[in-house]
Amino acid sequence: MSFNTFGRVFRFTTWGESHGPAIGAVVDGCPPGLALSEADIQPFLDKRKPGTSKFTTQRREADEVRILSGVFEGRTTGTPISLLIENTDQRSKDYSDVARAYRPGHADYAYDAKYGFRDYRGGGRSSARETASRVAAGAVARAVIPDVDIFAWVSAIGGDAIDYADFDAAQIDQNPFFCPDPAAAVRWEAMVDAARKDGSSLGAVVECVASGAPAGWGAPLYAKLDSELAAAMMSINAVKGVEIGDGFGAAALRGEENADAMRPGENGPTFMANHAGGIAGGISTGQPIRLRVAFKPTSSILIPVDTVTREGEASQIITKGRHDPCVGIRGVPVVEAMMALVLADQYLLHRAQCGE
Amino acid sequence: MSFNTFGRVFRFTTWGESHGPAIGAVVDGCPPGLALSEADIQPFLDKRKPGTSKFTTQRREADEVRILSGVFEGRTTGTPISLLIENTDQRSKDYSDVARAYRPGHADYAYDAKYGFRDYRGGGRSSARETASRVAAGAVARAVIPDVDIFAWVSAIGGDAIDYADFDAAQIDQNPFFCPDPAAAVRWEAMVDAARKDGSSLGAVVECVASGAPAGWGAPLYAKLDSELAAAMMSINAVKGVEIGDGFGAAALRGEENADAMRPGENGPTFMANHAGGIAGGISTGQPIRLRVAFKPTSSILIPVDTVTREGEASQIITKGRHDPCVGIRGVPVVEAMMALVLADQYLLHRAQCGE
Amino acid sequence: MSFNTFGRVFRFTTWGESHGPAIGAVVDGCPPGLALSEADIQPFLDKRKPGTSKFTTQRREADEVRILSGVFEGRTTGTPISLLIENTDQRSKDYSDVARAYRPGHADYAYDAKYGFRDYRGGGRSSARETASRVAAGAVARAVIPDVDIFAWVSAIGGDAIDYADFDAAQIDQNPFFCPDPAAAVRWEAMVDAARKDGSSLGAVVECVASGAPAGWGAPLYAKLDSELAAAMMSINAVKGVEIGDGFGAAALRGEENADAMRPGENGPTFMANHAGGIAGGISTGQPIRLRVAFKPTSSILIPVDTVTREGEASQIITKGRHDPCVGIRGVPVVEAMMALVLADQYLLHRAQCGE
Amino acid sequence: MSFNTFGRVFRFTTWGESHGPAIGAVVDGCPPGLALSEADIQPFLDKRKPGTSKFTTQRREADEVRILSGVFEGRTTGTPISLLIENTDQRSKDYSDVARAYRPGHADYAYDAKYGFRDYRGGGRSSARETASRVAAGAVARAVIPDVDIFAWVSAIGGDAIDYADFDAAQIDQNPFFCPDPAAAVRWEAMVDAARKDGSSLGAVVECVASGAPAGWGAPLYAKLDSELAAAMMSINAVKGVEIGDGFGAAALRGEENADAMRPGENGPTFMANHAGGIAGGISTGQPIRLRVAFKPTSSILIPVDTVTREGEASQIITKGRHDPCVGIRGVPVVEAMMALVLADQYLLHRAQCGE
């Protein structure tokens, strides 16, 4: 089965392949009356856009979004919002090898095993190019929850982590790595450049915080806020792990260390810590919602790897073409978008059952 | 919103509170003609059952399951299967403090913030007692995919990990910790006992492998196999992190280290490694499906923690009653059940679109 | 596939067979804080209960409902509400013929063709006994929309219609036919009794009105209010047709005859007519919501009909046992329940997107 | 809420307004490997296309469909199929009155009541123009179930029905009314022309038959085949009633008249009649699936009708512009499309649970 819709009440459906004429998303269930234009969406696409530095793929896409429906006189009408992004820099000739043999780490073999047939150009549907559609949809989601502030950053590349003592949110947009620690950004520049020159690639960790969501969002037991976030993040290309709050670190703690003690506050309790990442019992607590996402190294590398052909013969493959040496970097706006999309959906779900 | 159904085609809905008269699940979409009786389900419940050692809660529940529908003359009919487990050892008097003040780390405050009202007895709906319903449903799921072998174990408690050089699957059922490493089991006995005597608790890591699933299961892009597994695992009480394959470890690798090279095999490619955990592009590759789940330490501890009352006054709380000193241990059969439930659903979804 | 959940936000799942130990429903997504006890549900079940007159089946079921979860101290908690009704008067020996040959008009052959196997006792899952679960769930739905007044009646039996000039809502509960026209009730008594004595059965038309729903409920384009109502009604056993407002009558009108003209009113427009049945563009207009439902005659008759056996041999079958001579009569509380269930769901869906 | 996705496994999502730049559909869950190109879809759009005779709206739309994704080298890949149709003949100036006052019978007031705001141009989202997207999606559905033959016709206009003694399927495409009875077609020509000249409109009844579906499709109890068909048909603009098989006629029959007796046949039973319309217990019986759909007269008429303005003042409205004098006529390909879409979904759902 393919299943390309995400969300319960605020839903989006994406479509499109890396080398088709266009990609897009349909956002359904958006509240009416929200101010929305292409100008509200484009900055997020620009943040994700390829070709902006030598540390990302050299494919050049303008990634200009058009709103084809659901907005009238600058406001959402409550009907489905169709978003379209044309593909302009496909170079399908780059991918002839991929038609013949499976790229290890890519979805090539799995798609063939599933569908018996695939659009191999640039990874087709399994390409990370699809995430542009998510980023566009995510911008709509942000309009639904304007009081929630969402931002993400890269916290480690190739195992080299930032120092949280040097965390400076203002730095995130000042370097090509979405890195909040200037010293780490300098180190990463050398690391990523070296990997790129080696024809290799590096993994990364992305962290995201959403502040301003009130206590009470989440739909236990099977659409819990953390469960939906885990699904959302794990659906992103190259993601292999998700942690909420302290995540695996919590597994090494004792109960009293992990307890987020409470004291009386002006608007509900004040929490003395946030090991839980702002979620308890699958419901937001009003604290910042914190999560970490592990991106594997880009599977497209210039170093030959053993593989098999579609006919089952032994072969080797080098993935030429234009690729990100560290796909986690451009994952930052995608993680933010998925956070926004989950929270918008949970907000509306909560309002359905419990009112405003 | 509450949302208590999981799955797309093979679906289950759970209901029931810790201290209500009963809990249960309705399994819908099960293929007809499968042999099924209470005897096929009970062993999995017995594995999860409380009160079996001093390392789990002393609440005594027989956890006897009854099949109320969907099975006729020992075979499934394709209609909904209603499973019922009576609660027999509720002691609601133990929970009077909980009505008054919020237990940090528990869902108490979040449920009140969401619903304005809650069944506070034993955690009510947010209690891990609900996982018995999942385990029962999971036994039905196993009958749907009999060729898939699923087993889980505890790989770390309180930060103390097993040595994979000493991994022995036959050991898992030979100790109260589902521990495959006998030496670790000895260490954990002392650790968990000490934590219990201290009135404290410990976190744990559970790992799970499913072997025998063919290549091709998974529903990209928003019901990818790994995405569904992440949601399923994160919906379990006390879970804070999920990794597929190498997980966060992959984020520290280079592309050539992380590549699962392929060679020709008898039935499709043979993979030289399984960093990916048996999933590529959200679709199974035919390799074993591997994941890791982080459980936080049980939030119910006898050590006083600062908190607030429902009226917003400062207070302290000690969680008396009968609790697991390490809730991750009894998470093992729950993780297995969720793995089975996701795979059964994905198998049927795949069959829908692509045939057998 | 079997698919036993109805609703988008306010959802219910039913389970159980005619001759199993029990039947039931799980209601999910119910707002918290609503007063609810068995006493709020039982009257609706009593209205549907069999064996209350010679015009309904002689099966005697107390149809006593138990609430197993989701209610605490007399109020809903927002968690799933499990409702259980025990079967007490199964007489499975009555159904031995049904195991052998297919009853025309029943689901026997279709279930075998689908599942290859079925619980033939009393129709198993396809029995109208399941509708007791809907009626119980419907009572919960009514609590969600207390300002909406829903009532249904029988408007024709065996082609003999009531005279709307003699419509008296107070009469509906005064005769065993839910008939608002006393003269028609007298005629029907003779007709139904004659059909019963002949071993035959009669069809019926049920009408339902819901007043008090505000303008704005409905989820176009694929969960329109009328679309959801049509699905809900057509899912009831023996239903073969659904009309909203004038229904097929509108197909014979001219545009100016069918227009529901508007004049200024105190709270929004006043409509001069209600051909549309209170729904325009799939959204409620604030007028009463009106629909009609066609029930075929009960398929269980004592008159022999040609059929085939499971082995494909020619045969004849007489459906002995205890049956309703006019199944539409007991359809009245079921139609009301489905109306309530759809409206409760649409109310919450509307609130999700558009607020209160 | 707006909810613009239909289907459970084979799903489609539509978007777009009457006077926006384009409309479209995303079809998800389509099996891979099916031959599909624009040439397979265009004929169905041409059948529905406006402006082909004086009996339909004079709006001129080429309705040329483009496939933007999901098809590679002429075959479906199993990924979402994005279909786009540009709007080319919007004349928004025609609709200025509609911005001011509500057109009775239209969705104008209901949309304003729901969303507080609407795209009033040509009905915006509530326009029947959206049905072009369904027709395009329906053509994809037909490719999923190539052995099922689906066709529909108009059986009555303005209360004047065809004579089934003169039914000739070959005639359906030979007149502008999809009329299988040549004599009726002559009468309707005069009737519709007269209504058009009067500035009035007429209702119609459309019937549809699907042959070749095997026994066993349907997902009881809440995605029964007839329930899904009823929802699908009632979601079409202007539809007010749906009958399966004999529909309301069955409500006037006795049990023995309504029984579809069976005799042994070569491939399963042979049915002696088809009162049930090919569906029993919500599951197909292998007989032709028959249904009837009531279309109200077009609400856009040139005869003034009392109404109110957005500000709540009394007014009158004449709906100028280009409209169908009998919207049911162009409903024929839409009814066929919805039949195909439901059957394709039910086929895949059946395959999920029960295999091939």
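Chains: A, B, C and D, in written order; residue numbering restarts at 1 for each.
Note that in this section a residue touches a chain if its C-beta (ideal position, glycine included) is under 8 Å from a C-beta of that chain, and two chains touch if they have at least 3 such contacts.
Because the structure is predicted, anything quoted here is derived from the model rather than measured.
A.B. asks: When the contacting C-beta pairs are counted for B-C and for A-C, which pair yields the higher total?
C.D. replies: Greater number of contacting C-beta pairs: B-C.
A.B. asks: Tell me the rotation angle, 0 to 180 degrees, that brings the C-alpha atoms of chain B onto chain D, to the nearest 5.
C.D. replies: In short, 180 degrees.
A.B. asks: Of all chains present, which has the mean Cα position farthest from that of chain C?
C.D. replies: A
A.B. asks: Could you state the distance in Å from the CA-based centre of chain A to that of chain C?
C.D. replies: Inter-chain centre distance comes to 46 Å.
A.B. asks: If you average the Cα atoms of chain C and of chain D to get two centres, how far apart are those centres in Å?
C.D. replies: A distance of 26 Å separates the two centres.
A.B. asks: Determine the centre-to-centre distance between chain B and chain C, using the mean Cα coordinates as centres, and give it in whole Å.
C.D. replies: 39
A.B. asks: Which residues of chain D are in contact with two or more other chains?
C.D. replies: 1-5, 9, 14, 29-30, 32, 78-79, 114-116, 125, 220, 349, 352-354 - these are the residues of chain D that touch more than one other chain.
A.B. asks: Taking the touch rule as given, give the residues of chain A at its contact with chain B in the complex, in rising order.
C.D. replies: Against chain B, the touching part of chain A is residues 1-6, 8, 14, 102, 104-107, 109-111, 113-116, 125-126, 130, 156, 158-159, 195, 200-205, 214-224, 226-235, 237, 239-248, 250-264, 268-269, 272, 275-277, 279-286, 292, 294-301, 303, 305-308, 312-314, 328, 349-350, 352-354.
A.B. asks: In the complex of these two chains, what residues of chain D are touching chain A?
C.D. replies: Per the touch definition, chain D meets chain A at residues 1-5, 9, 11, 13-17, 20-24, 26, 28-30, 32-33, 66, 68-70, 72, 75, 77-82, 114-119, 124-125.
A.B. asks: Mind listing the chain D positions that touch chain B in their complex?
C.D. replies: Residues 9, 29-32, 78-79, 220, 348-349, 351-356.
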